[in-house]
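Following: one structure in structure tokens, then a few remarks.
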Amino acid sequence: MKRNIKLAYIGGGSKQWARIFMNDLALTDGLSGQVMLYDTDVAAAERNCRIGTRIAEDPACVSGFSYSVGATLEETLRGADVVVISILPGTFSEMQSDVHAPEAYGIYQTVGDTAGPGGVLRAMRTVPLYEGFARAIERCCPRAWVLNLTNPMSVCTGALYAVYPKIKAFGCCHEVFHAQDFLCAVHHETTGEPLIARQALQTEVCGLNHFTWITSARYQEQDVLSMLPAFMEKYFASGYCASDPADPMLHRKGDYFQCGNRVKMDLFRRFGALGAAGDRHLVEFLDRGWYLSDPEPFASWGFYRTPVDFRVKQQRALIEEGEALAWGKKPIALTRSDEELMRMLMALLGGEKLLTNVNLPNVGQTPTLPLGTVVETNCLFASDSLCPVAAKPLPAGVDALVQRSAHNNNALLDACLRRDEALAFQVFMNQPLCAGLALADGERLFAKMCRDTAAYLTDWKGNWQEEA
Amino acid sequence: MKRNIKLAYIGGGSKQWARIFMNDLALTDGLSGQVMLYDTDVAAAERNCRIGTRIAEDPACVSGFSYSVGATLEETLRGADVVVISILPGTFSEMQSDVHAPEAYGIYQTVGDTAGPGGVLRAMRTVPLYEGFARAIERCCPRAWVLNLTNPMSVCTGALYAVYPKIKAFGCCHEVFHAQDFLCAVHHETTGEPLIARQALQTEVCGLNHFTWITSARYQEQDVLSMLPAFMEKYFASGYCASDPADPMLHRKGDYFQCGNRVKMDLFRRFGALGAAGDRHLVEFLDRGWYLSDPEPFASWGFYRTPVDFRVKQQRALIEEGEALAWGKKPIALTRSDEELMRMLMALLGGEKLLTNVNLPNVGQTPTLPLGTVVETNCLFASDSLCPVAAKPLPAGVDALVQRSAHNNNALLDACLRRDEALAFQVFMNQPLCAGLALADGERLFAKMCRDTAAYLTDWKGNWQEEA
Amino acid sequence: MKRNIKLAYIGGGSKQWARIFMNDLALTDGLSGQVMLYDTDVAAAERNCRIGTRIAEDPACVSGFSYSVGATLEETLRGADVVVISILPGTFSEMQSDVHAPEAYGIYQTVGDTAGPGGVLRAMRTVPLYEGFARAIERCCPRAWVLNLTNPMSVCTGALYAVYPKIKAFGCCHEVFHAQDFLCAVHHETTGEPLIARQALQTEVCGLNHFTWITSARYQEQDVLSMLPAFMEKYFASGYCASDPADPMLHRKGDYFQCGNRVKMDLFRRFGALGAAGDRHLVEFLDRGWYLSDPEPFASWGFYRTPVDFRVKQQRALIEEGEALAWGKKPIALTRSDEELMRMLMALLGGEKLLTNVNLPNVGQTPTLPLGTVVETNCLFASDSLCPVAAKPLPAGVDALVQRSAHNNNALLDACLRRDEALAFQVFMNQPLCAGLALADGERLFAKMCRDTAAYLTDWKGNWQEEA
Amino acid sequence: MKRNIKLAYIGGGSKQWARIFMNDLALTDGLSGQVMLYDTDVAAAERNCRIGTRIAEDPACVSGFSYSVGATLEETLRGADVVVISILPGTFSEMQSDVHAPEAYGIYQTVGDTAGPGGVLRAMRTVPLYEGFARAIERCCPRAWVLNLTNPMSVCTGALYAVYPKIKAFGCCHEVFHAQDFLCAVHHETTGEPLIARQALQTEVCGLNHFTWITSARYQEQDVLSMLPAFMEKYFASGYCASDPADPMLHRKGDYFQCGNRVKMDLFRRFGALGAAGDRHLVEFLDRGWYLSDPEPFASWGFYRTPVDFRVKQQRALIEEGEALAWGKKPIALTRSDEELMRMLMALLGGEKLLTNVNLPNVGQTPTLPLGTVVETNCLFASDSLCPVAAKPLPAGVDALVQRSAHNNNALLDACLRRDEALAFQVFMNQPLCAGLALADGERLFAKMCRDTAAYLTDWKGNWQEEA
């Protein structure tokens, strides 16, 4: 195994992912080298650098990394073996518009960063940045492995490949894990056997990031999907939440990231496959009449919409905590997360193989979706190698839904690469969440959202300005 | 050229198409043989047989056909060289439900026989009949050319190929002609040159029946599509109707089959390609928020919804006229229609080649749509030969819309062939006209429409019965 | 129709094609403009310019073109509406090696300019030139129609698209016409009806240039292919040559461009489809054991190998004749050729549509061959439009043969674009004419042929030099 | 894990594979159930049943299986969880003709059971049997996993899918393992590190059975393919045989199943990918001029042709040994083989996952080969699941070679399913080993080989009889 590496972390001032990453890296035995952080918010990168250094000095740390801040993107990337990209395109002020502006037209979004009007706008400001990353990677570290953590994941990963087709990039996301955890609970409840870890579950996975589907789930010789009908008879009405069984609809707690899995169960009942993401993600790929007509869906469906206010507050707390960690006012407490980044990394460097789901351009692994579309399926990580595993065709009814979003994603990537505002608007109107929206209303909304976020759309022609 | 043929006409009692067909046949020089009519409504077939015989005896008739009524489907088809299928699945009572039942949920349909809730239900009762036709054709006249005139055209034509893959069938429809006529008018208005015939126009055509698109239109060296922006500046606001220039929005006349072409122009402005069907067809493939939110769209968009009451009345008049024609109370007056059936027929029999648009399974002519999907493109008719002409890729925004309906059609055909009611409902909910419909409302509506038309869904399991 | 055009002729000093072209152009009513000739052999271009001017002044000339010689490629192309490319890559001295060097290893070539060892070497010196043409066309006349007449036609046309994917180029060749003429004779002999013109025949055509196949041939309602078995019973043993029925094996005449059609008939008997090129072309795509094991194949198969000596002599005569024409010592005698270039041109400029076979990248017209492969099928010429017509799948046995050459062509284009000598050699060894060749012999032969033609392979690395 | 199963073994009297299988099964902990053997040679099946029972009673046996002989195919298959098919189509007398008849025309075959003239004839008598197996499996055990061990493996496996498309069948073969062993030796020789087991090597595998290619080989972070050039500098001239380093060309030993790997090294030098089968298999997919022009290739290339005489002798010894084992005259000595059947089985039953190479219809795993072609790539075995892993595209020169054999295989399967003798002959002539063969010689040879084996071609029309 390659044991001495350079890691470049773009978005290195990130408040959440970078810390999880540094934690997990500290607990990964047998690796050493340097981590270089790069962020347009230099202060944040420096704070994380300080935290990273403290983590590396922690007695519990078993790897050997030094941390520094890269002065430029190029310096950061030069000679990197691995690049992690995890950025926020714009600020929460732009996300405020992405998520909440559509509410004026009765369009309610739960997350607003992948599909729906918010996803379109976010792609419009992210793709130009990703084009720059791809060009810099081709120049500075053409053979590095590139892990993309940013949303909209499919479109961002697609942008990397559009600019530099030989890039070794993939998008990784933990949403499928939650669906696997749910299935573990189903298995446990049904069989009475001890709760198994999701890694012991064998799932076939196919779709688009945040709109992935599990078409087969087995534990040893048991077919776990076939346990769902009986399970649902018991739990569909009330919802089911492993983390809070007493309040499965989360009425009291108002937890933005949990759900009662009622949408998942309802979709399984209808389509025979399991939506493999949190309910809050799945609903954004479906007609808004289905699960998002009500601004307070928790009452009926058991999930919450995440307000951007909450994110602002959360971020403030993370910064404070970061300062405390950076300056030694809070002790470092290393704990391994449920993320699989380290296992992926180890496999790519020549360690143990890993089978897990990630996002890659379709070379045939999803037989019905267009070649080149960035899709999420099982993939095999091995030494300097990442191969998609062929997925079974989706049920026809699911395929029709996924096709729509796949073509939307491809057209959106196209629109962003060409800065084609008319096409971006066409994709905007074709979002399932925009179902029933009048054309004139759509035009007004799109123009407003562009104007709201114009500071980060500098590279576009900006025809929306005139309507201001 | 083959000059002595047997023609089988399934749906031979049809009130409209069969008469146009018999008229055009009478005016086709150099052909002779027999026409055998078959219809479950025997009286209607006999009436048409009588009319056909009178037409054949008319001094203006230049072909030599005798007419008879087939006792069975098999007798009718046996040894046929050409089969025409033009049926009404069910009665206008079923169509009443198809078209008007969805209005209770704010879903307004202009035609209701191809896309939208009405199209789904109509497919459900038509596909089983078409399976029977395909089996009988394979048995009785496996090498005959089969012209399908029935809607939903893509799904019906697809059913023929699903059952008998070597069938020589195609679907033909005149809707594209109307868009060509519109372009001839655009050319005339723009250049001041004399109005040209649509046959002189060269168009590239691609899409699904009733949702076809013209991506290029030329007259000699002139690019007619490029004349549209200036034309639209003059006529978009007011609408443009060649048949009634003084009342382009048809407010006074209330003509169900004309339109002011405002939808066509609006779509061209947005997408850069011309929808090649009457506006009343195009809108049924688009989100209902776009052009069909208003039950009286003529006020803003210049087209009418065709009420089934009108069809009932019209049919009654046609029957009366038919009786008069059959019994010599009304003179035969032969006039050639604008339809191309005869020219297609002549080409297939070895006469002059013909290039025109018809519906065939995709073997590569539409590079982005799934292979096997029944698509409408230019095709070349020649002696015992029908070859699709490769179409240019659609603009990305149009492609995304067409893909959705293509996958819907394919899934619907699948659902009908397997009598899979759950899948049929999934396709129902994925219709653009069902945008914004709540799942529970959709279930209620679908079940009602099934129950309304259950007399013609005898071959299905009929789970909707229980909810009655 | 567009009537005033600029025509650029690259290879404007050509001795044969340019004169045919100028002749046909003179007889094309209603066109005018300028023809600019460009050739690296300036004297030859000037000679042709002089001939063109005399032709244009001839009383029989009905078009209005002026002729000039372009000083540079760029000047010639600038603003051109139509570009014709018809070059000889290298001289006959290179062709001498292409055609005759392999004889030392028992490899006999009839033409040696498309397939076989000669075709590979010719591609290696032609593709770099075509890359230059494509770049210049993109710069100087990006929307011009480009007619390629040079062999190897598939690879040359593919090079144009590889460099400038939006080019409007196609390859045209008259070989299919000869097979059509043969079928007209078959029809005439079989039915006793008057000999029909090949344009009246309707053929379905599919394959690679010089290895094209006719899978269906009809005249009006008659199936002409079905007449072949009886015809062959009469003529297979003796051979059949319409131009010299008394000596169908051409023993006396030794005509290099005619044949007794025995190969064509033998292949039809075996495969059920008709090879649509002269026998001398077809055999170069087949294992050399089949029809080319004998250096004098005319004895058994009725076709000759064209020696390059003959071409040298013929060229000398053409130059002399050219001088005479240029300086008024020989009268201009305008006669229309059987070529279709003018009809193609007229159709593209907005005149009458034309259906004929040409070479275009596969976008789906040949369903089994790889997308992008330059294939020859029927195509529809119309105003500023050229659309392939979908071809029926080839019989499985023919498909296997065509696939091999298609993959060879694609790999050869790849090798030439990347100047990859190892890959070029791999394609060389995979030529059907190299069947049974030992690897070491192949290496020697390939190196010798490269050295022989090294003066025109200046752009390659030239590893073969070392072995000299 | 499912632990109690029924195993059906078709060809249950096999002398070699069944014993290996019974051995490995005995050493597989935690499995039990019944094994039912079926063979048209009932005595042989009974002998194996007796051996199996003795093995099951051996103290070293850790599984719990009982053995019986099935009276009919149907009885054997009924309710089976796993089916193994390992038959000899015909007898060694037919194989005698397959392998040696072509020698009269200078065609030398090393194995003669997959490609080349012998492979074609063997397919012609095997496919009809496999159609029967597929039909019986669909009827008797539609959800069983079916392991095919019979050659020609691609065509046989393809026949199963052609008849019963939902079959869960795959072909497995150990040839790739030998190439992996070779790479382990290369690694060992190059690095001086201890010899690693082939399971520790990570290879990317793509191609057709017996003509598979390794495009990437890594051990931890080391690139093993990149070690080959230096290794070859040392060993190419002499050959390299791990099992007999002192006599790498095997001159003394004359071992039919080993090789000096010179072909493998020569191909790697030329194409940049490693042929992943014994040299004796690889050469049968290549032009006979390359490595098989010499009847004694061991002198130059270090591999032997396996004479059928040897097989006859070997079989006789195996029968004798079998009798001794069956009647207790020879002790059972259980040793685990290098085969992976048991690990595959355990994975499918819900045990540990396994990544290995097997043969499956292409659903996209080999992006350049036709969909449906049976290809050999890495696949992931898991509980009731077998998913192909996407393979990287082959180098262009290798792809051209593999395409040819892929199209041959597909056409051959087609020919066999339709009993189309003309097409079978076309595929015969298109075998690389038939390079340079004259058509008339080919016809004579094909007819002779058909007549030689006519007793097992009863289901064909048998037009070759007339020529006897």
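Order of writing sets the chain letters: A, B, C and D. Residues in each chain are counted from 1.
By definition in this document, a contact is a pair of C-beta atoms (placed from the backbone, for glycine too) under 8 Å apart; a residue touches a chain by one contact, two chains touch by 3 or more.
Predicted model only: the values in this text are computed from it and were never measured.
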Discussion item. Strictly by the touch rule at the top, which chains does chain A share as contacts with chain D?
Written reply: none
Fill in: Chain separated most widely from chain C, comparing mean CA positions
A
Discussion item. Report the inter-centroid distance (CA atoms only) between chain B and chain C in whole Å.
Written reply: 44
Worksheet, complete the sentence: Rounded to the nearest Å, the gap separating the Cα centres of chain B and chain D is 54
Fill in: Sequence positions of chain A contacting 2 or more other chains
none
Worksheet entry | Pairs of chains found to touch, sorted by chain label | A-B, A-D, B-C, C-D
Discussion item. Using the touch definition from the top, list the residues of chain A that touch chain D in their complex.
Written reply: 1-2, 202, 204, 216, 218-223, 349-351, 353, 355, 363-367, 378, 380, 382-385, 387-392
Worksheet item: Considering the complex alone, what residue numbers of chain B touch chain A?
Response: 266, 270-271, 287-290, 293, 368, 370, 396-397, 399-401, 403-404, 407-408, 410-411, 414-415, 422-423, 426-427, 429-430, 434-439, 441
